[in-house]
Structure formats: structure tokens, C-alpha cells
Amino acid sequence: MSRDAEMIREISGCDPYRCMKCGKCSASCPSFNEMDIKPHQFVSYVLRDDIESLVNSKSLWKCLSCFACVERCPRDVKPGKLIDAARQIVERQQGGDYLKADEIPELLDPDMPQQLLVSAFRRYRR
Amino acid sequence: MPMINGEFRPKIVAFCCNWCSYGGADLAGSSRLSYPADVKIIRVPCSGRVNPMFILRAFERGADGVIICGCHPGDCHYSTGNYYARRRMTLLFSMLEYIGIENGRTRVEWVSAAEGVKFQATMNEFVEKVKSLGENVRLGDLRCKD
Amino acid sequence: MKYSYYPGCTLKNKAQDLDRYARASALKLGFELEEIPDWQCCGGVYPLGSDEIASKLASVRALNYAKEQGQDLITLCSACHHVLKRVNDDMKNVQDISDRANNYMKLDEPYRGETKVLHFLEVIRDVIGFDELKKMVVNPLTGKKIGAYYGCLTLRPGKILEFDNPENPKIMEDFIRAIGAEPVIYANRNECCGGYISLKEGEMAQDRTKKIFDNCTDMGAEMLITACPLCRYNLNKSEADSKIPVYYFTELLAEALGVKEDC
Amino acid sequence: MQRIGVFVCHCGTNIAATVDVKKVAELVRFEPGVVHAEDYTYMCSEVGQQRIIDTVKEKNLTGIVVCSCSPRMHEATFRKCAEKAGINPYMVEIANIREHCSWIHKDMEEATEKAVILARAAIAKVNLNAPLQEGESPVTKRALVIGGGIAGIQTAIDIAEAGYPVDIVEKTPSIGGRMSQLDKTFPTLDCSSCILTPKMVEASAHPLITLHTYSEVENVSGFVGNFEVDIRKKARSVNMDKCTGCGVCMTKCPMKKVPSEFNRNLNTRTAIYTPFAQAVPNVPVIDRENCMYFKTGKCGVCSKVCQAGAVDYEQQDEIITEKYGAIVVATGFDMIKLDKFDEYAYSQSADVITSLELERIMNAAGPTSGHLERISDGKAPKNIVFIQCVGSRCNDHRGKPYCSKICCMYTAKHAMLIRDKYPDTNVTVFYIDVRTPGKNFDEFYRRAVEQYHVNYVKGQVGKVVPKADGTLDVQGVDLLDNKQIVVNADMVVLAAAIEPNPDIRKIATMLTASIDTNNFLTEAHAKLRPVESPTAGIFLSGVTQGPKDIPETVSQAGAAAVKVIGLLAKDKLKTNPCTAKCDPIACNGCSTCANVCPYGAISYEDQLVRGPGVNETRRVAVVNTALCQGCGACSASCPSGAMDLQGFSNRQLISEVDAICR
């Protein structure tokens, strides 16, 4: 297993081998349609060691961290945590922040709660 | 200190009741769930059969840890043997601690015949714990030393 | 009864009413919210990585402060509630995180998750009781059909937050009943509003909120209540035809208790 | 001094691949008492056993150590072999160098060293072994079956047909069990009642079968061949001998709002009731918790209308005690509660139902008289979604880790029956895997797809959203299409996991039968003794041992019956000679041992004790070997060391400890 795959397992604390490919995560995911790699496929990418595709996937930035997949996964695999780990690899190693500071002013709107910015920063940037 | 490749290898005696834990150990075996070879199992009909004398003897003869495994509470093949074992061992272990045999060297665990995985996990944990405590020097009978 | 109170960033700014109404209602209900001095932002999202420590320390500080005061800690914002409860669970049950966080903190006495974290609603349910609340209501919202919107952060993961049944919660429905209105139960009340995604993918958030409004209005809701400033923002930004007004639950609480005008 | 032979088994490569068997034989040759040591490929084979017999004779052996697999596997084999060779079978000890050594270690040196130590311990023990004689105990030629479902009924009929009396204890007012709730059965679509009812009648009419319905086992004592069981016969409030089964009481009972357990609470029953029309015995019971008379003292309608004068409000629970030689557990299953699976909206919508509820709806005697109707509004559903594996194959806190085994087939059955009877109804099945091993099973499932055009979708359902118009939006995934889909349904059917009857814990404890982590009873050997409990005299029938369908249950019920018959056919049983023994010289009659003995096997008598410096008559402990089961609790608690356990004596166990710690 590659270092990245190892790291994903370590950061997430998830064991992809427990997955039985039932699709419960993809059935629950509110962002399914916007994702290129679907939640139930995350596991296969980690097991196949194809972290490259995973970190370049749009899905990383479409996950809402709503934990529906985590709550409902019958095998305790927690795909949501896997995708978050992949996101962190991107942010930590490759500086591939999804949100640049200079983008912000134009995204702002006067009603926007601080919480949104804080959360987005946490999720999108190192 | 018994060392293999520079690593301390403890002597561990496991008393396993014939009905549950011995079967659990068999299941661990047939499921190929490995645990350190330091553990040697003695079959007893019931955890309630284990006389405190056996444990003292083991420590005297240089054992570094002793574990007693029986049926889960309520599941004893002889109804109540494991309850007696639990009470007896609680007393014995606190006395042993008093004379310097650390609590980590003694343990009572319930393992059913269906719990091969638990047997393995218990043994792995116990061996690690005993290893971290090092050799038992407190009760060793000097006459038995080389 | 006094509680350590962790308001969180948004309640100091964009969601001041959530905070104001809560404080006034609390006094009326017979407990006091003592704001934790120098609290720091929880970060809005719980850091999922099992090796993340620094981002959890702000929560640990607040939790430890409450422990020192010998008080339970109350939050109002769903996100703060989520982060604080989960960090608290880590401190209690995840040895590695707990040890490392304590190493950073260098407290006189290590913090091991002793503080009890409560959502404002949990205090009403578990300490005061909905029956008691009902008795204190002076302006019952009779006839109003209200949908509760929980979102994700208050409920999941159910095993750690232990807030309510994560798939079929009832705490807000009981609350709605207690203030004299009629709860409208709809399945999507625990589906995500889009969260922070609305910053960069507005259409995604539009799609999520539409699903929620479609479902709750279909079941007959006339207004929604929420505990989360972010949920409220996203719902308010919705362009769905089925859109209905969204309030913080504290606003309705203050109204029912007759303290809204004091705020 | 013993003359011991050590026989090291290769078990093919099972042992020999990781343990240097030759070295083991070589190293133990010089242990005290050992006069012979050899290794052989398969010690348990006929050739292997003959080698042991020949060596015993040739070298005049008095004891045998076999280093092989677990004694739980082949101890009996080698004891018989010793007996053939002319030495006492209890002079054999097994060193378990397979399960406890070769199978779990990889390093040859390490495994060999451990094997030698285990062999030394066994040798040390044999050095102290003494010949033991098995005793005999009589067999009560009567069997008890706990549970009156198809498993219990079949076992009882088979035992009775062999000429032995059998009692069935059934908790509910009627025998029949789960099978009586079913509509049709797969894979042949027989009507369940049509094949079950005759069996129920046969059981009740059989001269050798006694039914104790509305009864529960309260206490069990004794041991194989000689169990004594207390059975609580709950007060029926109806005299079984007088009741004619006319049913007038049930039609007149004013309390009609009690949820019907038999119909899975889909409709109601009266307070005086039989669970279903074909109940056996066809005698109602009064549900005292819901009966007006018992609650308020007013009413008494049933008593007034009963022409036979059978209603008896004064009836009390009765406890009877019976003796049995064997006990069969056939307590069956229930479906898990679905309160942790609210994403399927089971508790939010009346039209989300379990498969067992659908069985009742489809059943002509059920709450809708067999018409497929929605529970909420009585309308015929046009779109039905089935969801598989609800709570099965879960290793989280919500469900069960095992496959419930029957759901794939009954769902195919339901889908097929619905499409057959209501061809304009669309049926969608969300599945993870379709598991259909069994004769004509896969063909059956394929028929559902090919002939009845049932829409099978590989994937799970994430959420069921009830809508204002009464329909349900089922959001799932089609994994093969890689699409999230929403199916609008009128009815959703959940294949909830099955779990053992919740009473099984209590029953297993009474029987001292072991139970696994999922509350299924453990078999004595998973492959070779699947219908026997490790506790002698206890047998397993049906789902109590693990999930299974009707054909499998019936086969297993028959197998359990055969084992029972084999036991009851014996006039005497050999008893375990490893019993406790008291040394009167050391015994001071303190009673500690009698207090811990779970079998009451220890009594005290005045004996003339003679020994070095002793010559007096005093009170000493005496063991009744017929009652003693050999647990050794007495010997561990004896303060003076007088009480010892033969076969596991203090000296023997200490010698093992010494050998290991050497």
C-alpha cells in the first residue's frame, strides 16, 4: 500500500476492508449527483491505491460533511471520513487549497454568518 | 531474563475452562488467529477448579503472568463455578499485589467457545502487559533457578 | 441554576437574535447563562482527522473552563454543539487525542471529558421539562403549523451526540407542542441544507434547500424553526417556490414566554 | 513408575508444516517415564491407532500421550484406542499442538519449542494419572421439547414415532409458531397452513405426545438422562377439559381492542382469544392484563355465554415437575425491532411494513382477508418497494452481523405472488446480494425476474420520505447504473433481520447450554455435531441454532430427534469418572465443599478414620459419584486439601504448571 493510502486510513481511522459494497452511503448522500467519484467508490480507490484520482476528484469539494453516510453505514466504514482524509492530504501536502483568500470578497454577501466562513476555511484550506 | 533475539519472552500460564475458553482457544486456532507462543494453556474442567495454589505455584516456578479464562457470567457449564473463580481470584490477586506481584500479571477473563477473536485479543493484550512489566522476580523460588 | 455558556462566533454577529432571545428566555425559565470569558471559536466544523489536535484545543479550553466552574456547558448553535460534544467525547474516550491535547494544554489537572455539554433544547427537555415549559407559556402559538428543521450537525453521529434519535428526532416537535403550536413532521428535517457549500456552489445549496422546503410544505408546514445560523442562512437564501419563513427556535420561545419585547 | 509412549501426529501438514514433529519426538524421549516416542502422519487414522495398540503391547506401556489436535476433537478416539490396547482409557492425555500451536504460530523454531513444552506438560500429567472406572446412570425414557413451532413439532413427532413419550412446552396459547403466520412457502408456493395444520393435529393427537401450551419452563436440574424440569402452566382461565371450542366467548367478549400479536399488531383481538382459528389446542385463554373482569371485577360475559361452563376465573398458575432423559431446544426466532432504522420511516408511516406483516396481509385469514391493501387507507398499492438486509449483515450497533438467510427467498416469493395476483402492481427490490443457495432456489428467484418481471436493483436505500399524498419517496442507489434514484411507492416492505427468541438467554442459563455472541445456541461441533449442545443431553432444533428456512429446519428437527432417540434407546449411560474424591484422613468435615457443590453431590457421614496417628470416628465428606459432574469447585475450595478431582487432581495440574514453567 502506498504512503498516501496508508495515510488516508490513518487520518480517517476507517478500515476500507470492512466495506461490503451495499451502496448505503451513495443512497444517502445528498451530493451524489455532483460527485464524479461516488461515495461507495471511495473505498475501492483507497484499496486499489489510486489516491491520485481520489485527490483530483471533484467529490472532495462537494461533500457536505453531513455524516448521513457515517450514521447509516452498516459496516462502520464511514466513507465521509475517508473523503475528508483525502481532502486533508490535498490540503496538507499539495497546497491545493480549494478556497483562495482573494476569492473571498467577491463571494461574500452581507447576510452570511461567520460560521459559514469559518467552516469553509476549515474544510477548504489547510 | 529469558530473551529471544533481544526481546523479553515471558512465561505465561493460561487456565482455560473446558467448555468455553478452551473451545475459544480452539476456535482461535482453527480460524488461524495468532497470539504469542508465550502463552501455554492448561485445560481445567471449570474456572472454579483453579485452586489459588496453582497460581502461587506458577509464580514460584518462574511464570511471569497467569490468566484464568472461564465462561461468561450466567453461562457456566456447572452453573456457578465462574462466580466462585471470580471472587476467589479477586481476593488472591489483591493479596498477590500486596506482596509485589503486580495486578497486570494476573487476570480473569470470560471467553465463550464462540469467541476466538476475543481469545486472541485477550492473549495479545495480556502478553503485552506482562512484557511491559518485565520478568517476575518477586516470588521466584531460588531453588528452581538455574 | 447557572450554566457556562458558549455562544460561538455567529451569535455575536449575524445571529445576535438567536443569542438575545435565548438569554431572555433562560432567565424566564429560571436559569442563567454565564458566558465563558475569552472563549475562542470552535472552528465551525469538527476536525475529522484522527491526528488533528491543534484545531480541537479551543473547544478543550472552553470545556475545561466549565469543569473548573463546576457547571454544565450550554451551546445554542448547532455547529458549536456538534464540535464541543465531539471533542469532549474524544477527550473522554480517545486516549491518544486526549493525551496529546492535555500535553499541549499543560493544565493543573488533565481534562478528560468531565464536562457535560448540553444544547439549549436539551436543558429544556431534560432539566426543565416540556410540561413545565408549557405551564410557563403566556402567548401560546396556537394554530401555527411549524416544521422543525434539525439539519445534520445537531443529530449526527447519533452515538456521540446522543441528542435524539438521529433518524426520527422529536425534541423540537415536543418543543413546538409545548409552546402551543402544531408540529409538522416531515422526513427531510434531518437532511443537510448544504452547509458551507453555499459559499462556492450556490446551486448545490439551492437544490438541498428546495428539497427541504418541498417536503415540509407538502406536509403542511407554514414556518420552520432551526437552531443553526448557517441552516437559517441557507434556507433564507433559497429561491424555492415552496419557501416559507424560517425562525430561530429561541425567537418563538421568547414570544411564547412573553419576553420578546424585552429583548 | 509409568511406562509412557508419546505419539506425535503430523496431521498431514497441519502440524508438520510449522512444528518439527521429529524434533518433538526426539526431545521428549528422555522425559521421566517416557519409554517410547514416535511421529506419524495421521495418528487418528486406523494405521495410526494400530501403531499405538502395537506399541502398547510391545513396550508394555501404562500411559499414552498423543500430541495432536484438540482433545475436544479426538480425546474420545484415543481413549477407545487405549481401551482396545488393553489399558485404562483415562491413562491417555492429549497435548494440543494443532489448535493451540501449529495453526497459530508461523515461526517453526518457536512453534516446535512450544509443542515440546505442551508435550512435557501432558507427560507430567500422565505420570500421575490413575486408571478410572466409568460408572453408570439410568435413563429416563422421556423427552422434553421447548418450543412448539415447526422445529419442535417435527422433533416431537419423530421421537414419538420411535416409541418414546415427548412433552412439548409452548409459551403461547397454541402450537404452530412462526410458520403458522406465513401465507405461502418457498420455493414451491405451498400454502403454509395446508402443510403445517396436519402436523399440528398429528402432534396433538399422538398418544405419546403431551402438549403444554401457554406454559414455560421454570427450572431445570439434573443431567443427561436424568433431568428434572419444573413447568409453569399459566392459568388459561378456561378449563381445557370442559371447553368445546365453540368460540362464542370470543364473539361476545366486549374488549375487542387488544392488539393481535399473531397478526403483528395489524389488527385487534378480544381479551378471551385463541391466536388464530386453527389453533391447537382450540381452547381460548383469557389475557388477564386486558380482560375487563380481571381489571375491574365487572363483566363476566364469557362465563355467562359459555354453555359448557368452561370459563374459570379462579384458575391459578400450576407448576408441574417432570423427569426427562433429553431436552430439545426449539425456541425459534423473532424479527428485530426497527427503532434504530428510522431512515426507512417504519415508525412514521403505516405503509412501511416488515415482511412478516406482509405475510399476514397476504394471508387469507389475516387482517385484510388476504387482500393486498395499504394499512393506512385500505387502498391497493400500485408500486411496492422491497428493501433487503434491514439490520442483517451490520457490524455496527444497529443490527446483526450475520445474514438472516431467509429474506432473499421470501422476498422473491412475495414479489412473485404480488405480480401474479395483481399484475398491474410494480415491484422493485433493492438488494445487496441475492443469496439463493438451495434446491430450486435460484431458479425460483430467476422466475421472479424473468417470468414476473420484478425489478431487482442492486443497491441500498438511504431514505424513505413519506409524502402528504400518502405515497413514499424511496431514495436509493442503483450501483450497476451508478445512479441515485427515487422510486415513488405506495408501500415499502422491509426484510428485517431475524434474531433468536429473546427468552433464549434465560433458557440457556437454566440448561447450562452455551450460547454465542448473537444468542444462537452453540453446537458441540460446528460440522460434526450440529444438533447437539456441548452440554450432554441438550439438543438443538431449528433457528435456535442459527438462521434457517423451513426445509432446513425440518431436516434439523429430524436429526435432533434421531440423536434423542439414540440416547433414550440406552438403558444405562456411562458416567464421567472424573469425579471428586475425598481423602477422609485430611477431611475435617467443615462443609465448605458441600456449600459450593452445584449438584448437592456431597454429604457427610461418620466414618472410622484410620491413618498415621489417627484412629477415630468422625464426620467426613462423601461424594455421590452419580450426582457429581466433575467441576472441581469443591477441591478448589477445600481448605485442608482433602477434596480432590480425579483426572484433574491438584498434583496433576501442578505438575503441568511445573512442566510449563520449567
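Labels for the chains are A, B, C and D, by order of writing; each one numbers its residues from 1.
Criterion: a residue touches a chain if its C-beta (ideal position, glycine included) is under 8 Å from a C-beta of that chain, and two chains touch if they have at least 3 such contacts.
Every value quoted in this text rests on a predicted model; they were computed, and no experiment measured them.
Among all pairs of chains, B-D has the largest number of C-beta pairs in contact. For the pair chain B and chain C, the distance between C-alpha centroids works out to 49 Å. Between chain A and chain D, the centres computed from C-alpha atoms are 45 Å apart.
Chain B and chain D have Cα centroids separated by 30 Å.
Residue positions of chain A with contacts to 2 or more other chains are 68.
In chain B, there is no position where the chain touches two or more neighbouring chains simultaneously. The set of chain D residues touching two or more other chains comprises 343, 463. Pairs of chains meeting the touch criterion are A-C, A-D, B-D, C-D.
Residue ranges of chain A in contact with chain C, taken from their complex: 10-13, 30-31, 34, 61-62, 64-68, 70-71, 80-81, 84-85, 88, 98-99, 107, 111-120, 122-124. Residue ranges of chain C in contact with chain A, taken from their complex: 8-10, 12-15, 41, 43-45, 47-51, 55, 77, 79, 152, 155-158, 166-167, 191-192, 194-201, 204, 208, 211, 229-230, 232-233, 236-237. Within the complex, the chain A residues that touch chain D are 18, 20-29, 32-33, 38, 40, 68, 72-76. The touching residues of chain D, when paired with chain C in their complex, are 339-343, 345, 347-348, 397, 463-468.
On the chain D side of its complex with chain A, the touching residues are 343, 389, 393-396, 398-399, 432, 458-463, 475-477, 479, 482, 484.
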